[in-house]
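Shared chain: subunit A. Partners: subunit B in the first complex, subunit C in the second.
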Partner chain A sequence: MHLVRDVLDKQLLGNDEERMGKVDGIVLSLRDGRPPRVAFLETGASVLARRVSRRLAEAIEALERRWGIRQGPMRIPWERVRTTGTDVGVDVDARNSSAFAWERFLRERVVEKIPGAKE
Partner chain B sequence: MSEIHLELVLGRRVFGRDGRAVGRLEEVRAERDGDECVVTDWLIGPAALLERWAAPILGILGRSGRSYAAAWDQLDWSDPRRPRLTCGVEELRTMRGPRWKQKTGQAPPKEQPERRHEREEQQRKKEKGGK
Partner chain C sequence: MQVALGIVTSIAGFVEVGSISTSLQAGATFGFQLLWAIALAATCLIFLIEMSGRLAAVSKHTLADAVRERLGFGYHVVPLTAELIVDFLVLAAEIGGACFALQLLTGIRFQYWALPVALAAWLALWKGTFGAIEKGVSLLGLIALCFVVAAVQLHPRGRDVGAGFLPSLPQHHAPNYWFLVVSIVGATMSPYLMNFYSSGAVEEEWTEDNLVTNRLTALLGMGFGSCVSMCVLIVSAMVLHPEGVKVESFEQGALVLTRAFPYWGFLLFGVTLLVECFGAALEIGMNIAYVPSQALGWNWSENVKPSENARFCLVYTAAIFGAALLMLVGVDPIELTRFSMAFTVLILPLIVLPLLVIMNDERYLHEFRNGWLANAVVIVIVGLAFVLALVAIPLEILGGS
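For the complex of A and B:
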């Protein structure tokens, strides 16, 4: 398996085949005398922004914390990865995970406040 | 135990023990080992980039530089901004692109680089045993 070709930037699919963003980062854990292992896959705006600028990533994380959206990027342990290739299937309940934190925030704080939005 | 973010070290120059740049880190080979996924090789150089794009055919468009596959323990990550080889460049396995076939007139070996490495080691052991 090639980590960049087969995993990085690939579509993440949750338990119910729900699209939950892309694999924005791969965290490798270095171990003494043993080969490095893939510890986590990361997803989220701040992870993507970190590739451009560390300051931008920190600003996004600070904003997310301040607005109570989420505490840092979403990390998925490798043990939860089911498939790799075209898409990366993971054993995660996408709807209840922090992958949908921004969607939940916008629904509760913005969309529901629009007159006529509530049923 | 420390962590490195693969997306941040991708494209970084890898330096040899003598401080000279060997190439850029372009791809990482890994294999599943039960629940774990462990790194087997760090791929360095333009041929590694073509392998990442899954487009080795592009190698015929231009002369590519030397490319290497470094085993997991042949890179020192104590400074992730400046990964260094823990061995000499000559000890790395060379990645051969399509141009190799044109130069030598022979087809490249079908076996994977890691298998070739094993075979070379076995040959070395045999030679030692013979002496």
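For the complex of A and C:
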């Protein structure tokens, strides 16, 4: 498997096939005398922003903490990866995970206050 | 039935502020001479739309999905940003077109219509489903066929019309001529049409069984759509060109139907412009939410309640009211359209080039990958797009005024 070709930037699908972001980053753990191994997949605006600008990423993380949205990006242990290919399926309850932190925040604070949002 | 609906949808999607205003200008300034540009751009579009639909039906991924996943965020960030800017400008131009139509019909200045039009568009997206919006826009959009009726009633000479399909050099106003070619390509090969079409195919849960429908819809739908655009040009060439009218505002263009329909031509033009621009605003509004949602992997669908897709709905909400603000401060919709069409051509190579990689990827398309003809066409389109992109800005400066 090629990590960049087959995993990075692919669609993440949760348990119920819910779209829960793209694979925005891959975290490797280095081991003495042995090849590195994949520890986590990361998803979230700040991980993606880090690929463009470190300062932008820090600004997003600061905003997310100040507004109580989440404490950093979502990390999914590699052991939870079910499938790879055109999509990456993971064993995660997407809607209740921090991948949906912005979705929940905007739904509760903005969208549900607009008439007709729940119908 | 599905093909018929697809064709009707395509006609409505094809005819909007960009194609109406560029066809009016082309016919008024150069007679039938620029018909070839519409035919060429429409032929390219047929191939691009077929590929977008095939990608969605086979892989369940839209174009924006596939570009990010296959070419990575480092590449995608450029066309993604460019497409969002173009979509936003075109959305503002469509809202502006609808507002101008209301000004023609009521006499009340177009700025006053910006917020009501935006509110109506937002409400349709907030409460509607993909299918309901598509069917509504499509059926109302058939009013554009009045241009076909007008073109037939005016009895253009077949030889003159036929000559327009052969590319020829202009005898006067060369920069303006080539700028109109760029604008026609920009208005016809809108990036939003490709992603919107593939998003629609995913919304409607197309599978490999829909590939024949997809091919027929692309061919006949875009074919008929371009026929309507050509009829706008023909009517303009027969009515406005002999009078020496240059279409610099919609008021000048509004007289175009009065010879074929003496009593209600003006009203018909206003209603057609209103319906087509409003319909296009709904489609672009949806697409402007589809593109970032798909690029970032959010849950997206026009078929669920807003509270279940908060990010998706807030993107189109912000875009629609932001675009209306441009009209509210008095930006001229025709000028904005002219600029957006040139900008569209500028980004076209970035949008089309990834198709060469994606449409040949076995993991996405399995045995339905591009054949040699489709690949050759993509290469030709990319080449054409590169040339047009290089000349778009110099021509905008020389010929756009």
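By our rule, the second predicted complex is superposed on the first by the 114 of 119 C-alpha atoms of A that agree within 3 Å, B and C clash if a C-alpha of one lies under 4 Å from a C-alpha of the other, contacts with A are read in each partner's own complex, and residues count from 1 in each chain.
Note that a residue touches a chain if its C-beta (ideal position, glycine included) is under 8 Å from a C-beta of that chain, and two chains touch if they have at least 3 such contacts.
From a predicted model like this one, the values you see are computed outputs, not experimental measurements.
On the shared subunit subunit A, the superposed partners subunit B and subunit C are arranged side by side without overlap. Of the two partner chains, subunit B is the only one that A:Arg37 touches; subunit C does not reach it.
Using the contact criterion defined above for the overlaid structures, shared-chain residue A:Val4 touches subunit B and also reaches subunit C.
In the superposition on chain A, contact is made by A:Met20 with subunit C only, not with subunit B. Seen from the C-alpha centre of subunit A, the directions to the centres of subunit B and subunit C diverge by 90°, a value given as a multiple of 10 for the model superposed on chain A. In the superposition on chain A, contact is made by A:Arg51 with both subunit B and subunit C.
When the two complexes are overlaid on their common chain A, residue A:Arg107 makes contact with subunit C while staying clear of subunit B.
Of the two partner chains placed around the shared chain by superposition, subunit C is the only one that A:Leu12 touches, whereas subunit B remains out of contact.
Superposing the two structures on chain A brings subunit B to within 7 Å of subunit C, judged by their nearest Cα atoms. Common to the subunit B and subunit C interfaces on subunit A are residues 4, 8, 24, 51.
For subunit A in complex with subunit C, the residues that touch the partner chain are 4, 8-12, 18-22, 24, 43, 45, 48, 51-52, 85-86, 102-104, 106-107, 110-112, 114, 116-119.
Listing the residues of subunit A that touch subunit B in their complex gives 1-5, 8, 24-32, 34-39, 42, 47, 50-51, 78-79, 81.
Listing the residues of subunit B that touch subunit A in their complex gives 1-8, 10, 26-32, 35-40, 51-54, 72-73, 77.
Residue ranges on subunit C touching subunit A, taken from their complex, read 59, 61, 65, 68-69, 72-74, 76-77, 126-127, 295-300, 305-307, 310-311, 313-314, 363-364.
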